Structures are given as structure tokens and as C-alpha cells.
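Below are two complexes that have chain A in common, paired first with chain B and then with chain C.
So, the complex of A and B:
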């Protein structure tokens, strides 16, 4: 179940974007070809023992002129489809209309309203109106406090799925993007709990993106989040991404870590196994000096892992970055 | 995760055993699976994603073709979790299983002084042989009883650092086994909490099996337990035990409820829905939960807690009154029932 990056172009320029090492201007603009896409669907279906979910993402996937064709092709091949989009591009409303009855889940990344132009705002709302319950909002917590009530308004006005996926903005391996530092976690955790309280009265629950260390929350906050039906869970066990030119990366924050071409692996599970083996030696390090002696990390090897691996590897020495031609 | 009910034979005789009655009747006589039936089950399973299956009994180690069964599961890329007492005599050649992974044993265990000398010897041999492939399971029968002995086993034999904790559950409508009465649930929760505190200090995680309810704990306790890496869940769903003739029953507390046949339903998911639909009907009529307060409970309404085991509240005669349904009206339950985790 890979994330297929249809294009590395995006219609936003978010300061926190953890994909920016893989996007212009860091690299040239690039769209996935139909041929590569078809090959990748074949590759995904070669071993479907873990299901046949395919995620379409970007950049902004609706900027790709073949977006609808690709979505339909994946559906024809019986893939279960999820699209990660901001739905604010020029053609997004037309695509949403065309695909509204298809069995697709839409995960919509949204920033505060003031970050959208009038047209972008209008496009987003047209899409949400069409997609309704098929759309789930996702929102990134940045270091500075920002208003969040507008998320509740969007859900209620457009009858969207009643959950919000919350991300703590992650660093890229290069740490060039705006991201949370460890010192930011307590205040952001406080804001999350506060937001969960407000969401609960609208029967909205929070779920969480990867890479958040469990010690960001206190036991009391954990208990309250459970009480509010916004139980905290975050891990680092990424669905692999495939770039427009067919290179496999562990996740966007680790885009500059290792990136063999997908044709070097027989199947998706083989690629996933390879990446996990490569990362395994770094897992116990954690992202801070406290992680080494953390009981929780030792108990739940599959859960916390000390937060985002981009933070772990940034602090590690002599990390092998590999190259395009590396043997796997 | 569905379970293959591989054999009805067991020589342990636990007073709390909820499998002792089972779904057996004149029209469904008790027996072990034939190897052909096992192959048929694995054919259905291997067409599904998430290749994990429990192997339960009875005592699976007493199944004469266990090694062949595990090999077959491996060929089909199905990860086997074998539930055992670990204290029966090991059949010749069973040690070979050690080289035939990947799979793991879940050993339902008691304190060492509760075993006869012979069983103690068997258990020690088993744990020494399979140590790192073993995780422990323990059922709280008496909330007064200290459970620290579990951590000693993990230390002494280098076992996996996870313990699956259950509460002793009744067989619906029957008084055949020992189980924890509702008024002792809070005490059982406190016992779980006490063990968790010691386990956390030993870098061991413990988790809730079926039948736990949220109100066994204070909210602050749930927060603390989660923060320490304990796996807290209070949701019930079909365990899906698959027995002879590929008949599937919901779980042992509800083993007298109608079964569904894997030969009739197209997939395990359809069979799961059919079983869930019958549990839904019982919960609606006799529930929703084991306490009257469950009716108004926010956690139950939001699906965070199912309200406990139906075995505690459903009379025996009601079990035959329900009919299986499939479709969108069936509640989700918990598709991966923790009984087998």
C-alpha cells in the first residue's frame, strides 16, 4: 500500500512542509507518467497480502493533468483508494465532482483560512460540499498558537467525517523547514487537549499523525484524551512513498535518506522490509538523550520509537545516505 | 484474528475454563479437526489480508499433526499464534518447531506452586525450549491474588515482554465455570493496575483481553496505564473460533449461540458480520452492558467500551433466538478481537 506521489508540484508554499526536500525549488518539477503509474499499480498488486490500499498524494495530486485517469485506473484494478490533497487547486472542484461517487476516501490538509486566497478558499469549499462524509480534515500544529475553531465550522457546515487528523509538524532530515522543537511539545500538547475538549461537544474526535513522542503528553493528558474519545496514538511505521520518477522513500521527512528505484524490489512488502532493516539500527537511539533510558520506548518498540526518525537521524553520526544506484 | 479450534482435548482442567462446554450437541459432536478441514480453513484464510491466526483448543500441543499444521500455515504465509498451557507432556519431535518459525506460543499460566511436580517439569522444559517465542497469558479469577509471579517467569526464562491479561468470563446462562462477578470488577481492575506498575518497572507491557470494561479504572488510571505502554481496550467482537465442519462460533462465552458455516459465507468478513449481528441482537435485548449504568455511559455510546461480556447477562434460552444477518446494519464491533492478541 504505497503513497504514490503523482507530482512534486504544489499550489501552496507552507513553511512547515516536510516534503520540501522533494519539491521545487529543491528539485526540478516532475509529474509521474501514466506508464510509471501503471507499472506501480502492477507492482503494488503483485503481493497484496497486506491489502490493496493505494494512496495518491503530491505535492498536490490534483495539479496532475492525469489525476482523474490515474484514480480511475487504480479503481479499475480494484485498489482501495485514498487521496491526500488540499483540494484548493483550480481543477479540484471539477475532479471532486467527477469522482464523488467513487469509493475514495479524501484526506484534506487544511491551513487556517487566512492562508488561502479567495479562489483557493472557494475551490476547497466547493469540493467539501460535494464530498461530504468522504472527506476527513488533517491539520498541522505549528509552534505558534493559531485558531482552530474554523476546523469545527468546516466539518459542521459541509457535513464532513467527524474526525480530524492532527500532525505535529515534523522536521525534514535537513531540518530546513519550520518544525516543532522538543521544548514546544508541552505547550502544543496542551493546545491539542484543549482543542479535543471543544471538538468533543461537536462529536468530533482527534486522531494523530506519525512521529509524535508519547512523552509529549502527561499521563493526565493521555487520560483526558481517552475520556474525550481522542485517544492518543502515534508511531513511526510509515507507508512508503514513491516519487514521481519511481524512487521509493521511507517518508517525506526522510526523502534525502535512501531512495532506491521501485524496480529493485519484487514487491511492496519487500521494499518495506528493506527499509525497516535499514532503519533498525537507528531505532533504539530515539531523538533525545532521555529516550535511551525511557521505559516506554523499551516496552513499546512498535509505538513511540522516540518520535520522528528524521529527528533521530539528524542527531546521528555517519548515517549512510546511499545513492540512486545502491544495491538492495 | 480468527482462531482454529484444532482439538477439544485438554488435560489441564482449569476451573475458570470457558471452553469446557463449547458448542457441542447431538448434531455437532465434539471432536478435533481433521487435517483436511484444517487445509480447507487455511485455503479461505490465505485469500485474506492480515495473515495471522490463533490455534486454540483444548490443548493444541496434543494435536497429533501439529507440526504438519504449523508447516502448512507457514507455507501459506500465515503467522500462527498457538495457545497452550505449556504444561502437558511435549510430544516427540515438538522441539523441532523451534526451527520452524515464525510463530509464537501464548502460554496461559499460573503460579509454579499450583502445578503438580510432573506438570511443573513439563512447563519448565517448555519455557526453556521456546523462551523467546513465548508470551504469557493469565486470567484473573480471584482479584485478591497477587500476580507478580508472571514477571518472575519472564525474567527467569527470557520470555517475550508482553502479558495478555484476561478476566475469568462465564459461559452464558450456565454455571459451569468460575468467573468474576460484576461487583468484583473494580477489584480486578486494581489488581491489573498493581501488576502494571511492577511490569512497567521491568519494561514489560500488559494488555487487556476480552471482557475488560472501562469503569474498572479511573480516567487517571487509564491515562497512566497508556502512558506506560499498557494496551488498554474495552471493546468486544467475535473471536471467531473455527471448528469441525468449518463451523464458526462467536466466542466461548457465547458458544451456545448459533454457529455460522465458513462453507456458506464467501469470506471470513461475512462470517464475522453474521456473528456480530447476533451479538448485536443480544446486546440490544439484554444489554447494552453488564451494569445498568452502561445504558447511559458515554464510552459505550461512542464505542470506546462495549459494556463487558455478554456471557454475564444473557440467559441460555436467548442464545438460540437470534438469527445471523450480514450487511451495513451490522455494527463493527472490534474486528481484531483482543482475545487472540
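So, the complex of A and C:
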């Protein structure tokens, strides 16, 4: 189940964006062609029965003029679809209207209201009104405290899915984007628990993006999140991304790590296995000096993999970065 | 090989070995075998010197200056590190 990056263009310019190494101005603007998209759907479905999940993302996927065509093609091929969008683009409302009855989950990344123009805000709200329960909000925790009540308001006003996916802003491999440092974890963890308490009274549950180590929370905070039905788990087991020109990357923060073309692999599971094997030896480096002796890292790596891999590899020496023509 | 030649030997970090410094300490992974190591303070300093391409003599001088001890006092730790790391294939001896 890959994340297909339909375009690397975006209508926002978030300082924390961990995709910025793959997006203008770092690279040229690029849209996926219909031909590449069709090939990627074939590749995704190879050696598998129907019901495979495909994620459409960007940049901002609704900036792609063939967005609806691509979504419909994937649905015709019996893929299950999830779209990651900010739904604030000019054409997002008409696309949402056209696809509102299709079996698509919409994961909507939102920033505080003041970050949107009047038009963007209007587009977003039109989409949310149309999509209702099919839309789940996702929100990134930045180092500075920001109000979060508006998320609850949006969910209640538009009758959205009653869960919020919370991300801790992750670093890219180069660490050039705004991101949380380890020292920020305690205050952010406190804000997350506080927010989970407020959400609970609206029957809203928090789920979590990848890349946060267990030690970001105290055992007491973990317990409270569990009690609030917002159980935290730590993972780094990424769904692979495919860039508009067909290169496979482990995840956006690791866009500059390894990026073989998808045609180097027979199928998605083969690509996934290859990336896991390439990354596995580096995981013990951990993201903090405590990871080495951490029980959760040692006993069962599924409990914690040391946080974001871009953090683990940052500053590591002698890391094999490969090249675009690498043999598989 | 003369004692002088031995002291001027420059070991290299093995090609399949990756490492990282965190809070002043070095974590080393052998990406081929999957083995990984957390070095103590002195070993971390020795590792950094070896990785920087310094000779055995330069390493003991730098580490001695760092901890304000004589080169002779550094030598047993240095020899022990080199022996272990060669055995674990973390470093390679010069040709």
C-alpha cells in the first residue's frame, strides 16, 4: 500500500513540512503523469488480490489536474483509497463534491485558522461539510504552544470522524525544517495529554503519527492516555512513498536517503522488504543516547524503534546513501 | 616493523560500520553483523581520533591532552580498544 505523491506542489508553505526536500524550491515542480500512475497501480496490485489500500498524497494532491481521474482509476481497479490533503485548494470543493459518494477516506491536514487565507478557509469548510464522517483531521504539534480548540469545533460543526491524528513535527534528514527537539518533548507531551482530556469530553479520540519515542511521555502520561482511550504507540514502520517521477522513498523525512525507481522492484512488498533490510542495521543507533540501554528498544522493537529514523540517521557517519541508479 | 612504524599506523573504520556521537558518547553499529556497541568516555575519544584518520601516536597524544594524563597512561586503554575493535571488525589495520 504505497503513498503515491501525485504532485510535489503545495498551496501552503509550512515551516515544519518534512516533505520540503522533495518539494519546490528544493526540487523542480513535478506532477505524476497518468501513465506513471497507471503503472504504479498495476505495480501495487501485482501478486495480490483486490482490496489493496492506496494513499494519494502530495504536496497537495488536489492541485493535480488529473486528481479525480486518478482517484476514479484506482477505485475502478478495486483499490481502497485514502487521500491526504489540506482540502484548501481552489478545486478541492468541486473534487470533494464529485467524489463524496466514493469509498474514500480523507485525512485532512489542518493548521490553525490564522494560517489560512479567507478563500482557503472557505474551501476547507465547503469540503468538510460535504465529506463529513469520511474526513479525519490531522494536526502537527509544533514547539510553541498553539490553541487546539478549533479542531474540536471543526469536528462538531461538520460532523467529522471523531478522531484526530496527532503528529509531532519531525525533522528531515538534513534537520533544516522546523521540528521538535528532544528537549521539547516534555512540554509537547503535556499539551497532548491535556488536549486528549478535552477531546474525551466530546468523545473524540487521539491517534498518533509515527516517529515519536515512548520516552516522550512519562509512564503516568501513558497511563492517562490509555485511560482516555487515546493510547499512544511508537512506530517507525513507514508506508513507502512514491515520488511523482516514480522513485520509491521510505518516507518524506528520508527523501534524501535512498530512492530507487519503483521498476527496480517486482512489487510493493519487495520494495518494502528491501528498505527495511537497508535501514535495520542503523536502528540501534537510536535517536537519543538513552536508546542503547532502553528496555523498550532491546526487548521488543515493535514497542519502540527509537523514534523518527531521520533523527536516528542524522549525524550518523558512514551511512550508505546509495544513488539513484543503485542496483537492487 | 619498528616501534616507530607501529606508532605511526593509521587504522580505519571498516566500510560497513556506522557510528554516531550523542551526549559525548559514541554508538557504533556493524551494519553487516548487526552488532552494536556503546563506548565509554575514553573509548569514545579514542574512536573519534581513529575515525579522524589519526595515527596511534597522535591518538594517544590527543587523548592524553584531553584527560590531562601522559601518553604512557593512555597506551593500555588504546591497545585494548584497538585489539577489541579489530576482533569485532569495527576497524581495519593499514596494509
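Basically, the second predicted complex is superposed on the first by the 324 of 328 C-alpha atoms of A that agree within 3 Å, B and C clash if a C-alpha of one lies under 4 Å from a C-alpha of the other, contacts with A are read in each partner's own complex, and residues count from 1 in each chain.
Everything below uses one rule, namely that a residue touches a chain if its C-beta (ideal position, glycine included) is under 8 Å from a C-beta of that chain, and two chains touch if they have at least 3 such contacts.
Remember, predicted model here, so these are calculated numbers, not experimental data.
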- Message: For the combined arrangement obtained by superposing on chain A, do chain B and chain C clash, or do they fit?
- Response: fit
- Message: Let me test your reading of the model: by the given contact rule, A:76 touches which partner, first (chain B), second (chain C), both or neither?
- Response: neither
- First (chain B), second (chain C), both or neither touched by A:144: neither
- Message: Per the contact definition in the header, classify A:292: touching chain B only (first), chain C only (second), both, or neither.
- Response: second
- First (chain B), second (chain C), both or neither touched by A:114: neither
- Contacts of A:101 with chain B and chain C, given as first, second, both or neither: neither
- Does chain B (first) or chain C (second) touch A:281, or do both, or does neither? second
- A:226 contacts which: chain B (first), chain C (second), both, neither? first
- Which partner, chain B or chain C, touches the larger number of chain A residues? B
- Once the two complexes are aligned on their shared chain, state how close chain B comes to chain C by Cα atoms, in whole Å. 16
- Item | Complex contacts: residues of chain A adjacent to chain C | 280-282, 284-286, 288-289, 292-293, 315-320
- chain A-touching residues of chain C, taken from the complex the two chains share: 13, 15, 17-23, 25, 27, 29-32, 34, 36, 38, 51
- Message: So in the complex, the part of chain A that touches chain B is made up of which residues?
- Response: 48-51, 214, 217-227, 229, 231-232, 295-296, 298-300, 303
- Partner chain A, residues of chain B touching it in the complex: 49-51, 77, 161, 200-201, 203-205, 219-224, 226-229, 232, 299, 302, 304
